[in-house]
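Naming follows writing order (A, B, C and D), and every chain is counted from residue 1.
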Amino acid sequence: MRIGVLTAGGDCPGLNAVIRSVVHRALTGHDDEVIGFEDGFKGLLDGHFRPLDLNAVSGILARGGTILGSARLERNRLREAAESAPDLARQYGIDVLIPIGGEGTLTAARMLSDAGMPVVGVPKTIDNDISSTDRTFGFDTAVGVATEAMDRLKTTAESHQRVMVVEVMGRHAGWIALESGMAGGAHGICLPERPFQVDDLVKMVEERFARGKKFAVICVAEGAHPAEGSMDYKKGEIDQFGHERFQGIGNQLAVELERRLGKEARPVILGHVQRGGTPTAYDRVLATRFGWHAVEAAHRGQFGRMTALRGTNVEMVPLAEAVTQLKTVPEDRIREAESVF
Amino acid sequence: MRIGVLTAGGDCPGLNAVIRSVVHRALTGHDDEVIGFEDGFKGLLDGHFRPLDLNAVSGILARGGTILGSARLERNRLREAAESAPDLARQYGIDVLIPIGGEGTLTAARMLSDAGMPVVGVPKTIDNDISSTDRTFGFDTAVGVATEAMDRLKTTAESHQRVMVVEVMGRHAGWIALESGMAGGAHGICLPERPFQVDDLVKMVEERFARGKKFAVICVAEGAHPAEGSMDYKKGEIDQFGHERFQGIGNQLAVELERRLGKEARPVILGHVQRGGTPTAYDRVLATRFGWHAVEAAHRGQFGRMTALRGTNVEMVPLAEAVTQLKTVPEDRIREAESVF
Amino acid sequence: MRIGVLTAGGDCPGLNAVIRSVVHRALTGHDDEVIGFEDGFKGLLDGHFRPLDLNAVSGILARGGTILGSARLERNRLREAAESAPDLARQYGIDVLIPIGGEGTLTAARMLSDAGMPVVGVPKTIDNDISSTDRTFGFDTAVGVATEAMDRLKTTAESHQRVMVVEVMGRHAGWIALESGMAGGAHGICLPERPFQVDDLVKMVEERFARGKKFAVICVAEGAHPAEGSMDYKKGEIDQFGHERFQGIGNQLAVELERRLGKEARPVILGHVQRGGTPTAYDRVLATRFGWHAVEAAHRGQFGRMTALRGTNVEMVPLAEAVTQLKTVPEDRIREAESVF
Amino acid sequence: MRIGVLTAGGDCPGLNAVIRSVVHRALTGHDDEVIGFEDGFKGLLDGHFRPLDLNAVSGILARGGTILGSARLERNRLREAAESAPDLARQYGIDVLIPIGGEGTLTAARMLSDAGMPVVGVPKTIDNDISSTDRTFGFDTAVGVATEAMDRLKTTAESHQRVMVVEVMGRHAGWIALESGMAGGAHGICLPERPFQVDDLVKMVEERFARGKKFAVICVAEGAHPAEGSMDYKKGEIDQFGHERFQGIGNQLAVELERRLGKEARPVILGHVQRGGTPTAYDRVLATRFGWHAVEAAHRGQFGRMTALRGTNVEMVPLAEAVTQLKTVPEDRIREAESVF
């Protein structure tokens, strides 16, 4: 069998572990060949690829990033590509394409699959917001980085009687904020799933100070927003690459809290450190398993599906199922976190 | 409601996080009181306990060990205690006992429960070998520590053309060896579940050297053992506390490999560093959730049960179910790991 | 001997290690008593203090922050205090005051000393900018945190063809930027000591992209600024606590580079994570040695001095010497770093 | 200028950072060529080398091990080589050889230098026992690893009322034990420099238990040994590679303490994890500076010397000076540590 593999979308710790696992399983478990397309779907369309043997993936298990690169591709180029999907597969002589990516990538994968290309997807997102899989690799690493930052900030906040507002990633789903907030012992957690009341945060901080705990750490997902009328809040300027500049919710909330509390409130915007670097053991294992199962699924002819963690098992689920809706934090998970505020 | 909590058995990162979560949920989510028994069941029998309020659990989330202590108790003292279980509960005025512990503790918990004490258990083991829960807290930390060690050993092995034999914990189940071996990129993994052939390891190393990869890392669970006739192997001397001295399988395997290969093979016995210290974010979250759900279960009157992770949910399962058999590594999980050897 | 100890100024990993060491040496090496003033000089003036015995400092060696707290004090209150310095010492019955702090604290210490109070200072700053000591504790931790962040950002930058601008602490001296930039393998380092040319950075990035290295990491001290005419740059709004809001040099430089390069340039502002949390082994050792030597100096009557690392020795240097000028990065250290850009 | 570089001796975090720095400085600061000999002096004698350009050293700054490899060489082969040293240099067309290594390597370097080869040495040892340099890279990483292990063991020891005996590296000098013992808060530290009395350790532990601190951590250098008559102690069996098997001082001391105290005492032998893996920021900076200065010294014609840290400066010192005697821990450094026991 000849397998094509590519990585697309934002960085995510564990990408290299999947690539390595695909190559290892394909070459040692079967007698396959593997080629890697460079810079995501771009490499697929432009014919940039290279063969991947055991040496090519040596030493990458613990490395962040992706040896195959990743780049943006305009949506219409991809749509055109979909039309000639079977030709593409023939052109490279591949029997299956294994795209590793997030929601956008999986949607594209589904398009190609529907158009007749044999595809087995591997879901990837640090945000953990893909339906039909209990967890995605990269998420554990992101939560770990954010938690370590909160561990550090907590001692400072305590010694210096400060409020710390830590903004973590999560535009549409608050999983990172939820779990790093719980693990880091945040006293307040703000998620995109539920508009927050600034009054509640103010009250929480004041009650803490009143009982002698003269500090607080508040963990805010970048996609969290205040409840209507709760505070003045406006989106910042958007740059040419679609990123908001400086004025994220973390910064604005710190200013607001400082104003209302009359106490020092400092923002810390963790940003990209959450999505790079060496993956945790958990993410390496999950990524390795996903790679292994993707190859096995290909050999069983289970196309149009992607790997998914269900309990302790890795199962193959339809791509269609995965991309129809975002997995957000349900109410009962929020409730669990509230008592540790 | 008045809740008694205790920790028993070996150390496990996350114990303090459970205690903290029980106290937080009980005091802020309900209007409960919590007392903590010292040194496990010993404190319960000897009447050593102290009240736990929010201040008592402040700052312990990220701390290893247990603020309540843990000590061994002879089995017959416990059996006697079970006979007067309802009296014990009355004596302390507790409406529920939440014991946090491993297989031995949960068996004791079941005994007390059968004897009429209201009990809600919380499972704990770094070995991850308790049935009916997908994962236990402490395991992720242990795997993380072992993986980091292997990351370090790998560069040394490679630069200095050595075989490294890393012995990790796991007397009856090989979960730590399996996952840290996968995450650390070990070239051989030996588990208690399946006797290993020294010949296979020798062959693997020689093939690696032959194709220019002049090093190997082998991850061995302390409970792994060679297949009949595969190598000379005898148990070491046992000390008064039941521990084997020095001559564990890691040390003996390194000697054997050195002899057969004529190449340097060095053992590294990770030992207790795997079960101490600050828990990973994953373990803190799981421990916190277990504590929360234990309190909720108590309020719902779900006694004789323990918390268990099932998929992404925490559910309450009968204690009886949990302690009847060990959860060992199934064949298909071993197969996943083999291709990354 | 009766010793008073206090911590003042911003947070710095290692403060607790000094306090612990002072108490240990005083109580076990001598037969002293130690009291700790709360919230810096505020506790000294307001009479808030507590006795410190071995139990009081148990378990704090590895903990960030300061168990004694730290708070701002208006300069004139301190000046008044200086006038009655000998009375203050008498009032508390202390034979020596050991203030642990940065430049401001040491200046105050000198004032008190000149006014007749027996003082032995311990220098503290994550910025490493105090003259007469080779290093200060806290600095190594700050550099470590910044380096780890750059390690993570580098893989992301590489896989996703980005420029990362990492802003680290250092308002007047660029030590953190210099050393974390070197350790993190930054391709450009901007220090307060030498205005930077945006053109040089643009050229460096373009040259890298030209030879196939399609990413760059630039490490910028918060106090760095562009050379005259090099780019539009203005200080941000200052809040009531004296902090600049959002528009630090890191953010502005990223915008400027993105504009000029036409490539994605993302800022990461590390902020307070650099100054909190558990100290590195290096900082714990240095802090412990400083505490030990401060007590010894007190017993030798070496007042008006502070501990200083000189080579491998800890020596006592006049407070006057320490606070007259800032230790900035000399030209030859900058030159060493340039070849690794 | 044409520069030859090689790494010899045991593994040490920072080797790759030196290689990278030599190449960067030589190629971008000057217009040099660099070749790397493989597997230490073996490559020099056998003619195994490869050119090193910027790409060859890309991404290795943070990686443990050495990309050039390192292997043992019989002493007489080296002695023969020394006789034809000038020919060797001519043969490869190198104007200078930069060997990076420990005491053995530097002695060899001196032999080659005396025989007429232009040599600039770079000292390397995790043990920090080379005279004439304040510190060597690798040491900080080793201390960091050992400290982290002690942090983890301490919480376990405390919760479970145990004595932990941690054996760290240091055959002839106790620097790692001294600094990791101080940083990890060990209650006893045993160094090669001063035979220890088991009685003192027993007394210390008993006193701790008596005042309610029912645990202790003892940090032992592998080269430490009991005072005459203090305990039964014999060296273990030596294997064909010169390593002692299992029965190191850590293991034997734990058995002895357990016997005398009647309390559980568990050994942890950290072993090779201390000398592998990614270097700390401190070690990366020092290694990078050493590489830079080695190239500069070569250009100034300062042969027969090696780089050395003196205070905050890197200076060139005669090789002869460096290898005449081991730098052991002086009495006053031991005294500083005692009060924190």
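Here are a few things to note about the model shown:
Just so it is clear, a contact is a pair of C-beta atoms (placed from the backbone, for glycine too) under 8 Å apart; a residue touches a chain by one contact, two chains touch by 3 or more.
The model shown is predicted, which means the values in this text are computed figures rather than measured ones.
Between subunit A and subunit D, the least number of touching-chain steps is 2. Separation of subunit B from subunit C in touch steps, taking the shortest path, is 2. The chain pair B-D and the chain pair C-D differ in C-beta contact count, and the higher one is B-D.
Chain centres here are means of the Cα atoms, and by that rule the chain farthest away from subunit C is B. The distance from the centre of subunit B to the centre of subunit D, each centre being the mean of the chain's C-alpha atoms, comes to 34 Å. Taking each chain's centre as the mean of its C-alpha atoms, subunit C lies 29 Å from subunit D. Each of residues 151 in subunit D touches at least two other chains.
Across the assembly, chains come into contact as A-B, A-C, B-D, C-D. Considering their complex, residues 7, 10-11, 15, 63-66, 69-71, 145, 148-149, 151-161, 164, 239-241, 243, 245-247, 251, 255, 258, 264, 266-269, 271-273, 275-278 of subunit D touch subunit B. Listing the residues of subunit B that touch subunit A in their complex gives 20-21, 24-25, 28-29, 58, 61-62, 134-135, 140, 143-144, 146-147, 151, 179-180, 182-185, 213, 280-282, 284-285, 288-289, 292-293, 310-312, 336, 338-340.
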